[in-house]
Every structure is written in structure tokens, then in C-alpha cells.
Amino acid sequence: MNLPGIEYLSLGLGIVLFLAGLWGIIHQKNIIKIIISFSVLDTSIHLILVSIGYMRNRTAPIIDSAVSKTDAASQVVDPLPQALVLTAIVIGVGITALMLTYALKLFNEKGTLEIDKFKSLKW
Amino acid sequence: MSYTFIVIIMGIIMLVMAFTAIYHKNLKVAVIASGIISLFASVIYIFLAAPDVAITEAAIGSALTVVIFFYVLNKIRLTDDTK
Amino acid sequence: MGYLGILGALITLTGALFILFAAVGLLRMPDIYNRIQAGTKATTLGSMLTLLGIGLIHPAWLLKIALLIIFVFVSNPVSSHVLGRAAHHIRVPLSSRTVKDQLAESESSSTNEQEVSE
Amino acid sequence: MIRNSFLVLITAGMAWILLDAVSGYQSREYLNDLSGYYATSGPEETGAANLVTAVVVTYRGLDTLGEVTILFLTATIIGFMLRTSKRREGSVRRATSEVLVTASNVLIPVIFLIGVYIFLNGHLTPGGGFQGGAVLASAMILWIMSQSGTKVSHSLLEITEAISGFGFVFLGLLGIILAGGFLDNTFLSLGTFGKLISAGAIPVIYSLIGLKVGAELSNIILVMNETQEAEQ
Amino acid sequence: MVEVILNIAMVIIGLSFLLVTVRFIIGETVVDRVVALDTLTVSTIGLIVMLAHFFGRVIYIDVSIVYGILSFIGVIIIAKYLEKSL
Amino acid sequence: MKIKGIIVVFFVLLAIWLILNGTADMPVVLIGAGLSLFLSLVLCSKCSVFNEIRISFRALVYTFMYLGVFISELVKSNFDVARRVLSPALPINPGIVKAETRLKSRMGRMILANSITLTPGTFTIDVIGDTFYIHCVHIEGDDTEKYAQSIVRKFEKYLEVLYG
């Protein structure tokens, strides 16, 4: 049986999740729902980036008894996307916390979470 | 072979959870569903040979985000009850 | 690897079967308390057996895996206890097959004994 | 109806762009030049066995500085926005289960230790400052959950955060003076490859980042917890 | 032999994931879904250690230690939220 | 005597640190000792949980006996619950029963509650005062009081020696 590799599967999965998150962001009207969709979208982008850095038959970029120090370049996967994603995840949780705080403030001001009810900027 | 099988299963579950997270009326369920998406994403990172990212996703993406979401939901509910 | 490896693999398979039983129990049980019973704890035993099997395959990893097993041993029952306590507090209904609920009886007889003010 | 079809159009356009971007994707066989450089000379230059750590702390250290700054700003803004007003008296809250209190007494030191292990071993095993900081923050959450009587002081967390943030920048500047550039870790001896005391300043830098991130995340949680008490 | 048995075990864990997901979807209350989350996390700990065997890297066990800690915290927070004492 | 608690925590943390690191080099041991001392002084100088442990030869023997009883009970009841789950008629008879415990120490009660919870078929729903409320999948016999006491007594006699 000829199955696609893991990296293609996770790449496709990342794209579908990205579209789902985008659809949630633009279609939903509850602010908390929008933030949840944002976190789904965030995860999908990380998935896409990491799967681009993957290479077949290679192992994690950590040198111990399983990977020799001298020919690490032919045994490990790309460390650069992983480092970028590491940064992105931490920033993602910061942004999510900040958005939730703003949502809380809005709720305390207006008493609702539906964005259609916020009319003070409409004219 | 079994790797592919389990990745496909986790992918299906993640898509179902994404649908739940976006469309479920109950916010608590939506938050838990997004937590499960992060959980399986971090298992997929292990398949993709990225244990660093897997730890970060499990610690920060899956647990802390859910905790902060629930704190905020609690706050919203508390104010709601008094009104 | 030898016999120890085969033994470890069989233990791992048993653990995986217990995880499957837990999932079946989670589906079939009639109310939430029985689901906690079937789900959480059979899974705990299942994953502990899985860990033990891998530890037997790789004896060098056994200490770290033992640490993980002890951690799961201490933390997991606490979380299911807290979950069950919360479920009973918010009055998630018990199934119709339940024969006795002495906690609800004693809660209704003593008026909110455990509510403390901060 | 018009709105929905417009949204479908946007999503379809995005899908087309993405599919176009990845349609010719082939799994790579070799590392590109930059990654190859990191993989071959990273262990020699930085002494870190974990290449991701070498990239995050040393080669891309400036990114990490920005990341830490963003997290600091987030924590500050959240504290500024949520730190409210008066505490309402006589709020009734259900007592924590006795089993949970005892278990958290047992588990909190262990979780703290695992957090410290994760960021102190960032150059040898997966993990590092951010993950270790998150684990420390989860120990703090457990503390807040179980010991509802005791108060955690904000000023202690803020002092920890300030000192470790200052130490991080100071080590970076020390790298400029004593070694090749900002956040260069080679001004301490590289030591034996693969041991705990090795890789120059990387364990020190990651410990500072871990303490800082842990303090910031705990502060966010603590502020959210206290606002609830205030407005219950 | 060992590899074959472990592959079968992995497929069984995958099937149990599917069953738990069915419970998540039909679950009547939120508590049911939290139990599903807990079950998934705990079985994932076993799965990760099996992956550590398949890839031959001891370092993956650290990941499952972090999993163990954080699933515990998450479930406790949700339970506290449900009983209105967060 | 808080000293005993601090010493116990110190050695437990040091052991965990060494297992995590996997080596016993000099710097690793030194850092671990310093860290464990700091954590045990800061976090356990106030809590009294660890003072209740009794350190003696008899306690050691009872620990192993307790572990044996617990593991055999665990395996036995796991198969029991698996049988109930897989049989088509679902032969369960659930209910919440209460049982008094004689244990006074918090550590002993936590381990008792955890043991009851980990044994499938029974789990501790609440602890109020000295009363354990236990949810059972299948209540055997007509005398619920006696059944509930038998669940608690199985583990209690060993834990009484260990923690009092």
C-alpha cells in the first residue's frame, strides 16, 4: 500500500485547520468564539511550519548517544523552523491572554459579547 | 505503516474538534475542544521529530491557554449571574 | 532483547487493551460517575502497564519510567476525585439504576456544612 | 446571505493561495546552507547538544529578547487592566477537597523541581526557559487552587522578574564585551560536551529566562484570580 | 516479534482514541467531555513512551513527564470552574 | 518537629533529581542538593504533611505488604470491571455509600482515598470529616454499610501502621 508520508499528512491537516480557523474568525459573532478560532489558526500555522522542516528517516536535533556529533548534519531534521515555532507558541499564548483581557473589559463595559451589539463606533 | 494510521486518526479527531470548537454553542465545550487540538498537535510534533516544540505546545498551548480561557469564562459567568 | 523484550511487549499490549476497554466503558456506562470509574482508572492502569512494558524492553530507561509511573499514580486519582466531587456538587443526575446515594442524604440533612466563607 | 457568500469567497481565495504555495512541495533530502551550518558547527561553537537551544539562545538570541519583551508587556498590560478596586466581603466559596490539599502539598515541590530540571537542562534535553517557566507557573496555579488562605505576594514575583530580566540583558551585554557579540555564550568555558555544566552561559541564560517567564505567567494567573475575588 | 506486537498495541490505542471521541461528541454534560479529555491525555502518555521506543530516543520521556503534570492541572482547573469555586 | 518533614522532602527531591538527570556527577549532585534544600525549606517549612511518616523497620515491611495488597486488588478489580463493561447486559448496581475511617493523619487519608479511587469499581467522591463517601459500580449484597466498611478496611489496617 502506498501511503503518503507523515509530513504531507500534517501539511494538509495544517492547511485544513488554517481554513477552519479563518472561517471561524470571520464567520462567528461571539468574541470568545473568535478567540478560540484564533488559537486553532495559531496551532495550524505551527503545524505547517514544523512539517516543512521535517525530513524523512532523520531524528530530533538533539545530540546524545543516538546521534553522533560529527555527522549531525546528515542525521537530524532542520532545527531552524522548530526554533521559530518555539518563539511563535509563546507569543501566541501572550496574544491570546491579551485578547481575552480585552474581551473581559468589553464585557464589563457593555454587558454582551456579541460583536453586532457594539455600535458605538458605527456611524 | 502504523505511524500513518495513527496520524490519520489523530488528524480526523483534530478536524472534528475544530468543527466543535467553532460551532458548538457551549463555550466550555469549545475551549476543551481547542485544548484537544493542541494536545494532538503536540503528539504530531513528536512524529515530526520536534520534541522541543511538543513540550512547548503541551505546556503552553494546551494547558495554560485552557487555564486562562477558563478563568475568563468564570469571570464572565460570575458577572452574568449577578445581573 | 530476548525474553524480557517479548514479556515487555506483551505487557504493553495488555495495557493497550485496557485503554480500549476504558474507551468502551466510557461509551457504554449509563451516568457520569460510572464513566469516571470505567474511563479514568482503567486508562490509568492501561498507561501504567504500557510504560512498564517499554521499561522492560529498555532496562536503562526503567528508573525514569518508574518516576513517571509514580507521578501518574499520585496525580491521576486526585484529578478524578476532584472531578467527581464537582459533578456531584453541581447535581449531575445519577442514572436510574442507582440504588443508594448516601452523600445526597447527608448533604440535605446538614445544611451546607462545607460552605465556608472567606 | 450576501455576507456569507462573501466570506466563502474570502476563505476559498485563501485556500487557493495556500494550495498554490504548497502544491509543488517535495520532502527535502538535504539541509539548506544556514541549517547545515547550525547543525555542523553549532555543537562546536556553542557547546549545546540541543541544536534548537543553540539557535534560540545564541544564534537567534535577539529574537528571544524580543519574545521575552512581548511577554513582559502582555503581563504588564493585563495587570494594569485587571487590577481593580475593592474586594467584596463575605463571598461564599466551596472549600477545597481535603485530598486535593494534601496531594498538592506533596506535588508542588516535585513540580517545582521538574520545572527547574527542564530549564536547567535546556542545552541537553528538550525543554528550556519557556517550557520550564510554564511548569513553574502551573505549580503556582496548583498553589493558588489549594491553599486558598495564603496569599502570594505580587512584589516577590515582580522582584524575581525584574532581577532575572536585568540579568538576561546584562549577560547579553557581557557577551559583547568579553566575546564575539550580543548573547555570545563563550565567555564562560564550554566545558565537557554533554554534561550539565557546559555550553558556556546557556544554562545561566535559560535559567534566567525560565524564572522570568514563570514569574510573568504566575502574575497573569494571580491577577485574574484576584479580580474574581474582588468582583464576585 | 516485539515490533509487531507494539505496532498492534499502537493501532489499538488509536482505535480507543476514536471511541473516546465519539463519547466527546455525544456527551450529555460538560463533565463527560472533561472525562474524555482526561482519558485522552492519560492514554497519550503511554503512546508517547511507545514512540520513544520506536524512535530509539530516551529524551521523549521528558515530554510525557510534562504531559503528566499539565493534564492534572487542567482537569483540576476545569473541575474548580464547574463547581463555581475558581 | 518540622525537621523530620524537611529531611524527608530533601531526600525525596534529591532522589528525583538524580533519576531525572540519570548521572551522579559531582556538579549534578551539588546543584541537586542545593535545589532540594532550598525547595524543602521554602515550601515545606510550614506544611505538616510529611511529619506524619513513621520511619522504622516495621513501617518498611508494612509498605511492601501494602503495595502487594494494593497491586493484587488493582489487577483483580480491573478484570472485574472489564468483564462488566464488555458483557452485553451491563451488570452494574451503582450507588454512593459512606464509611467511617479511623485514620487521623492527612497523608494517610490521602493515600487511602487514592487507593480507593485507583481500584476500579470504587472511587472516593467526597471526604467530610471522618466519613468517606464512595461511589461503587456494583454494590454486593444487601448490607451496604458492611460492604462500604470492607472497602475501607482492606487498606486501612496497613496505613494505620505507616501513618497513624
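Letters A, B, C, D, E and F name the chains as they come in the text, with residue numbers starting at 1 for each one.
The rule we apply is simple: a residue touches a chain if its C-beta (ideal position, glycine included) is under 8 Å from a C-beta of that chain, and two chains touch if they have at least 3 such contacts.
As the structure is a prediction and not an experimental result, all values here were calculated from the model.
> Just to be sure I understand the contacts, which chains border both subunit E and subunit B?
Output, common partners of subunit B and subunit E: A, D.
> Over the chains that touch one another, what is the least number of steps taking subunit C to subunit E?
The least step count works out to 1.
> Of the pairs D-E and C-F, which shows more C-beta pairs in contact?
C-F
> Whole-Å distance, subunit B centre to subunit C centre, using C-alpha means?
21
> Using mean CA coordinates as chain centres, what's the gap between subunit A and subunit B in Å?
11
> Could you state the distance in Å from the CA-based centre of subunit A to that of subunit F?
Distance between chain centres, rounded to whole Å: 40 Å.
> Could you list the positions in subunit F whose residues touch two or more of the other chains?
16, 20, 113-114, 124, 126
> For subunit A, jot down the residues that touch at least 2 other chains.
Where subunit A meets two or more other chains at a single residue, that happens at 5, 7, 23, 27, 54, 59-62, 64, 76, 82, 86, 89-90, 97, 101, 104.
> Would you mind listing the residues of subunit C that make contact with two or more other chains?
24, 36, 44, 64, 67, 71, 74-76, 78, 80-82, 85, 89, 114
> Mind pulling up the subunit B residues that touch subunit D in the complex?
51-52, 54-56, 59-60, 63-64, 67-68, 71-72, 74-75, 78-79
> Which positions of subunit D touch subunit C when the two form their complex?
90-95, 97, 99-100, 103, 106-107, 110, 148, 229
> Please give the residue numbers of subunit A that touch subunit D in the complex, ascending.
Against subunit D, subunit A makes touches at 5, 7-8, 11, 15, 18-19, 22-23, 26-27, 52, 54-56, 60-64, 69, 72-73, 76, 78-80, 82-83, 86-87, 89-91, 94-95, 97-98, 101-102, 104-105.
> Quick check on the complex: what are the subunit B residues that touch subunit E?
The contact residues of subunit B facing subunit E are 1-3, 5-6, 9-10, 12-13, 16-17, 20, 26, 28-29, 32-33, 35-36, 39, 42-43, 46-47, 49, 51, 54-55, 58-59, 62-63, 66-67, 70-71, 73-74.
> Using the touch rule from the top, collect the residues of subunit E that touch subunit D in their complex.
By the definition above, subunit E touches subunit D via 59-60, 62-63, 65-66, 69-70, 72-73, 76-77, 80, 83-86.
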